[in-house]
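Below you'll find a set of structures to go through.
Consider the two complexes below, in which subunit A is the common component and subunit B and subunit C are the respective partners.
Moving on, here comes the complex of A and B:
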C-alpha cells in the first residue's frame, strides 16, 4: 500500500473519482449540514483545516518530513490577512495572496536552515522555529495584538470583475471557502503526479539514492516545506476571515500537533485524501463527543493511540485494505466459476 | 588520457588510514575491476570516486575536470553513475517509475509541478527499453519492493544505466546472488560493456577475471598489483599472497 495507489487505479489529469466525491460532499455541505444537526460555520472550519492538512501532508506524507511547528505558518497567514487589510489595502484577493506569501517567505527562510536535516533533527528544528514564532506573536503586541489577538478582521467581498459577492454570511463564506478548496486541491493533486511530486516521494523513500542520481535533494526539501507553508498561510488567511480575527493560539505547539494528528489518523501516509478524512473525524469528534463530555480530547487521543498502534496507515489504510480484500475475494470467486480463464 | 583518473588518493578515518596512496586510471571503453580482501579500502575508494567521501589528499579527474570532493549529485550530473552493494532502490515505486526517475530527461524537468509524468509516453518508452535491457521486460508495473532479489539487483543496475552515464560503477554486483543470478548478471555486463565504460568492485574473483579487461588489486589501502587478468594470474607475488587463490 503506497501513496501512489490512486495513481495506478484512477485517471490522472485535473480530476479523479476521489476528488469528485469530495467535491460533491463539500459542495453540497451548506444544503444539508443543518439537517443533520450541525451548523454552517462548522463546515467552513472543516474545509479550512482540510486545506491546511492537505498542504501539511505534502510535507509529511509525500516528502516524509515531519513538521511539528506548522501552526506557526497558519498563524502567520492569519495575521498577514488582517494586517494587509488594516494597513495596506482592503481587498480580499490581495489579503489572501499576502497570507500565502507571508507564510511562504517565513517558511522558506526557515527551510533554508532545516532542509539539510532529516528525521528527528528536522522535527526538532521545526518545533524550535514554531515556538519562536509563537512567542514573537504573543509578545509583539503592537503588531499582533498579543494575547488578545488581532480583532475585527472583516470578511471582505469577493470581487470578480463587475460582480462582487458579500461573504459576511456563513452560507456565502461556505461556498467561497469551498471554491478555494477546489482550486487548491486540484493544484496539489496535479503536483503530486508531476515530476516534482515523484521526486518528493522518491526522497521520502531513499534520499541517498536520489543524490546519487543527480538530484540536489535539499532544494526539493526546501521547496516542499515552502509550498506547504504557503498552503498553511492560505488556510490561515481564510481562518482569519472565518473567525473575524487572528489569534495566537493556533500557533501554539498544541495546535501544530493537531494538524499532525488529523493527517495521521486519516491516513495521510498512504492516501491523498487521508488528511481530509482525518480533519472531518477530528471536528466531528470535537462536536459530537464534546457534546457529551468535556474530556473529549482524551477519547480522541485514545483513538489516535489505537490507530498508531494497530493501523499506522490510518483510516485510509483500513479502507484500502478492505477494498483490496474485496477485490481479491471477487477475483477468487470469478476464478472458481471459470477455472479455465485464469489471468 | 583516461576518462576518469584518481591521483594519489589518501583518506583516514580517525587514526585508521584507509587509503594510503591510490592512483587508478579508467580509460574510455574499458571494463576495469577492483579487487582485494575485506577492509582493503575498496568501498571507500569507490565512495571517494563517486562523491560520498572527500579524500584528505589527492584528486579525482573526470574527462580533464577536477571533481574531487564534489557532492554526489554534482558528480552524478557529470555522468558518473553507481550501483550499491546493499540494495538501494525505491521500494514503493514500480520498476518503471524507478528507472524514470533516473533518466536525465526527467531530472531536468523535475521542478515541473503540472506536467503529468504518466502521460509522457516518450520518457516511459525509453524507461521500458532500459528495463528490457536489464532483463526486467514485462515487470514494469511491479513495485520494486516486491521484485525477487535477483530482479532487484538488475533494477539497481537499471537505475544506473538509465542515468545515461559516461562511466558506470558497480559495487559488488554479485553479492547475494546464486549461480543462476551471477550467470545472468555476467551476461548483462557483457551486453553493457559494449557501450559503456564500467568499473566493478568484486569479491568473486572468478567472475571478475572472466569479465575484466584490466584489474587493480587493492590491499592495505594501496594498489599492490595491476594488469590484465592473464598478467595477474602469472604474478608470483599475488599468487603467494593468496589473493589469487580462487582463480
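Moving on, here comes the complex of A and C:
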C-alpha cells in the first residue's frame, strides 16, 4: 500500500491533478450548490470537515497512528476561537491563530505522553486523553459554558490591510473557508511530499527499522501528532465561526469516531484526497439518507463495516484500482496490436 | 476516625463501582488477549444486554407479543432470573456474528479490527435506538434487592451490595474458570501465543469464536447489573467502555488481577472525587491513568504484550 500514488507525477511541485479538481469543485461550490438542491451552509460545513479530515489523515494515513480522540482538538480550537474573541481581542486572524496554537499546545502536550506508544496501545491512550478533555470541557462551565456551549461567537470581518470582508453571510463564509482550505491543503501537500513526510511514511511501514536507521521516531511521531492537532484546531476555529458557537458535542468519542469514518471510507489510507471524498460522502449521506430515515447512521455504519471488511482502501482504493485496470487493459490491447503492425 | 466516617460511604460506593468496572474490563480483556482485537463495540453490547434484559423483565420493554402474556404474568424475580441468563446468551450470539465479520481482518493491520468494531458499535447503538427509542428505560427489580439498609446512621442501597457481591462472584468464577478448566488453559495459552496453540492441534477458529461470545456475554452481564445504577440509555455503553479501556491500560494489558486492582482503584478515585468535587469525578480517572502510565509504561502489572507490535 503506497500512500499518494499521485506523488509520482508532480511530487516536487505544488500542484497535482487531484488538487486542481478539488480546488475547482470547492472553489465554484457556492455558485452551483443551491442549484442541485443543497444549501450554502452545507458547503461551509463540508469544507471545514474536509480540512479536519485531511489533518487527521496526516496521522492515520501517513504515520499509521490511529487517534480516536481527535474531536477534542477540534473542540479546543473552537473554544479558543470564542475565548480570544470574548476576553482578548476581537480579530479574526488572531482568533484563528489562537485556535491553531491552543490545539497544537494541548496536542503537543498529549503527544509527549503517547509518542513512544504504538498501534492499538496508542489508540487507547488517545481515547483516554480525548475523553479527559471532553469531560473537562463539559464540566468547566465558567470557561466553556458546559453543556450549553459557548454561544454568540461572531463571524468577525477578515481584514486584509485596508480592505475588510464581511463574513456574516454564508456566501462570503464559503469563500473564506475555501481560501483557508487552499492554504492549509497546499501546506499539507508539501509537508507530505517533503523528506519529513517520507520519514513519516517509513515509520508507518516499519517503526523499528526506522529507529535502527537512526531516526528519532519519537520526535517524528510527536511532530506528526502536534501538526495534525494544529490543523484540527484551525478547522475547529472555523467551525465555531460557522456555527456561531462552540459546543462540547464535537469533542465526544462519537464525533472523534466520525472523522475516522470519513477518512477511512474515502480511502485516506491510500490517497491524499481520500479524506475529502469521505467527508463529502458522509455529509451527502447525512442530508440525503437523513431525509428518508432517522436511522441513517445505521446504514452508514453498515456501509463502513463493509468497507473495512472488503475494501479497506476505501473509495479512493476502488478508483485507483479501476484506473490501474484500465491502463493494463490499454497496454494489453496495444501489445496485441503491435505484432499485427509489424507484419 | 471521623475522617473514615465521612469517607466510608464514598469509599464503599467507590468499591462497588470499581468491582463493576472490573467486570466490564475483564470481558474486554479476554477478547484482547486471544483475538488481539480491541473490541470498541464492547460498550454497545453492554447496553444491548441491559436492553434485552429490560425487554425480558418489563412488559413494556419492547416484546409486545400477545403470546408472551403468560410469561409476563410470572413473578418479577423469576423474570429477572430469566433475563440474567437469556440476555447474555442473546448478546453472545450477536458477539459471534461480529466475530464472523472480524475474520476478514485477521492477519492484517490490527487497525482494521479496531475500525470494524467501531463501525459495529455505531450500528448496534443505532439499532437500539430504532427498536427501543431514544428515551431512558428502567429495569424492574425484585423487591428483595431494592430499598436501603441503615448502618451507622447512614442509608446504603441494598442493590449496590447485591451488585458488588454479584461482581465479586463473577470475578472469582471467571478466575477459577481460567485457572482450573481446560478451556481456561486454552484461552490463556491462546493469549500467549495463538499460532503455537493452533500448531498443537487446537481448533483456533472455534476457540476465537467462543472467546468472543464469552467476552461479549460478560459485557451483557455487566450491563444488566449496572442497569439499575446507571439507567438504560442507548448511549450508556460509552460510559462503561471508556473506563474499561482505562482499567486495561492502567492495570496492564493481559493481567487479570491488574485489571481487578485497577478497577478498584478507579472506582475509589471516582467515588472520592465524587464526594469532594462532583463535577470532576469522571476526569479523575484519566488523571490517575496519566500519572501511573508516566511512571510505569505498561501499567501496574503489565508485561510486554501483543498490543505493542
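Points worth noting:
Throughout what follows, the second predicted complex is superposed on the first by the 333 of 343 C-alpha atoms of A that agree within 3 Å, B and C clash if a C-alpha of one lies under 4 Å from a C-alpha of the other, contacts with A are read in each partner's own complex, and residues count from 1 in each chain.
In the analysis below, contacts are C-beta pairs under 8 Å (C-beta built on N, C-alpha and C of every residue); 3 or more make two chains touch, one makes a residue touch a chain.
Not measured: the values here are computed from a predicted model.
Of the two partner chains, neither subunit B nor subunit C is touched by A:93.
By the touch criterion stated above, A:223 is placed in contact with subunit B alone, subunit C being left untouched. Among subunit B and subunit C, the chain that touches a larger number of residues in subunit A is C. Once the two complexes are laid over each other on the shared chain, residue contacts for A:132 go to subunit C alone; subunit B is not touched. Of the two partner chains placed by the overlay, only subunit C lies in contact with A:121; subunit B stays clear of it. Within the superposed three-chain model, A:211 lies in touch with subunit B and out of touch with subunit C [touch as defined at top].
By the touch criterion stated above, A:32 is placed in contact with neither subunit B nor subunit C. Once chain A of one complex is fitted onto chain A of the other, the partner contacts of A:195 are limited to subunit B, with no touch recorded for subunit C. Across the complex, subunit A is touched by residues 50-51, 71-73, 76-77, 81-82, 84, 88-94, 97, 100-102, 104, 106-107, 109-119, 141, 143, 159, 163 of subunit B. Touching subunit A in their complex are the following residues of subunit C: 38, 40, 101, 104-105, 108-112, 114-116, 118-120, 122-123, 126-127, 129-130, 238, 242, 245-246, 248-249, 253, 279-280, 282-283, 286-287, 289-290, 293-294, 297, 307-309. Of all residues in subunit A, those touching subunit C in their complex are 64, 66, 68, 113, 116-121, 123-125, 127-129, 131-132, 135-136, 139, 252-254, 257, 260-261, 264, 295, 297-298, 300-302, 304-305, 308-310, 312.
If you check the complex, the residues on subunit A that touch subunit B are 2-4, 7-8, 12-13, 190-191, 193-199, 201-202, 205-206, 208-217, 220, 223.
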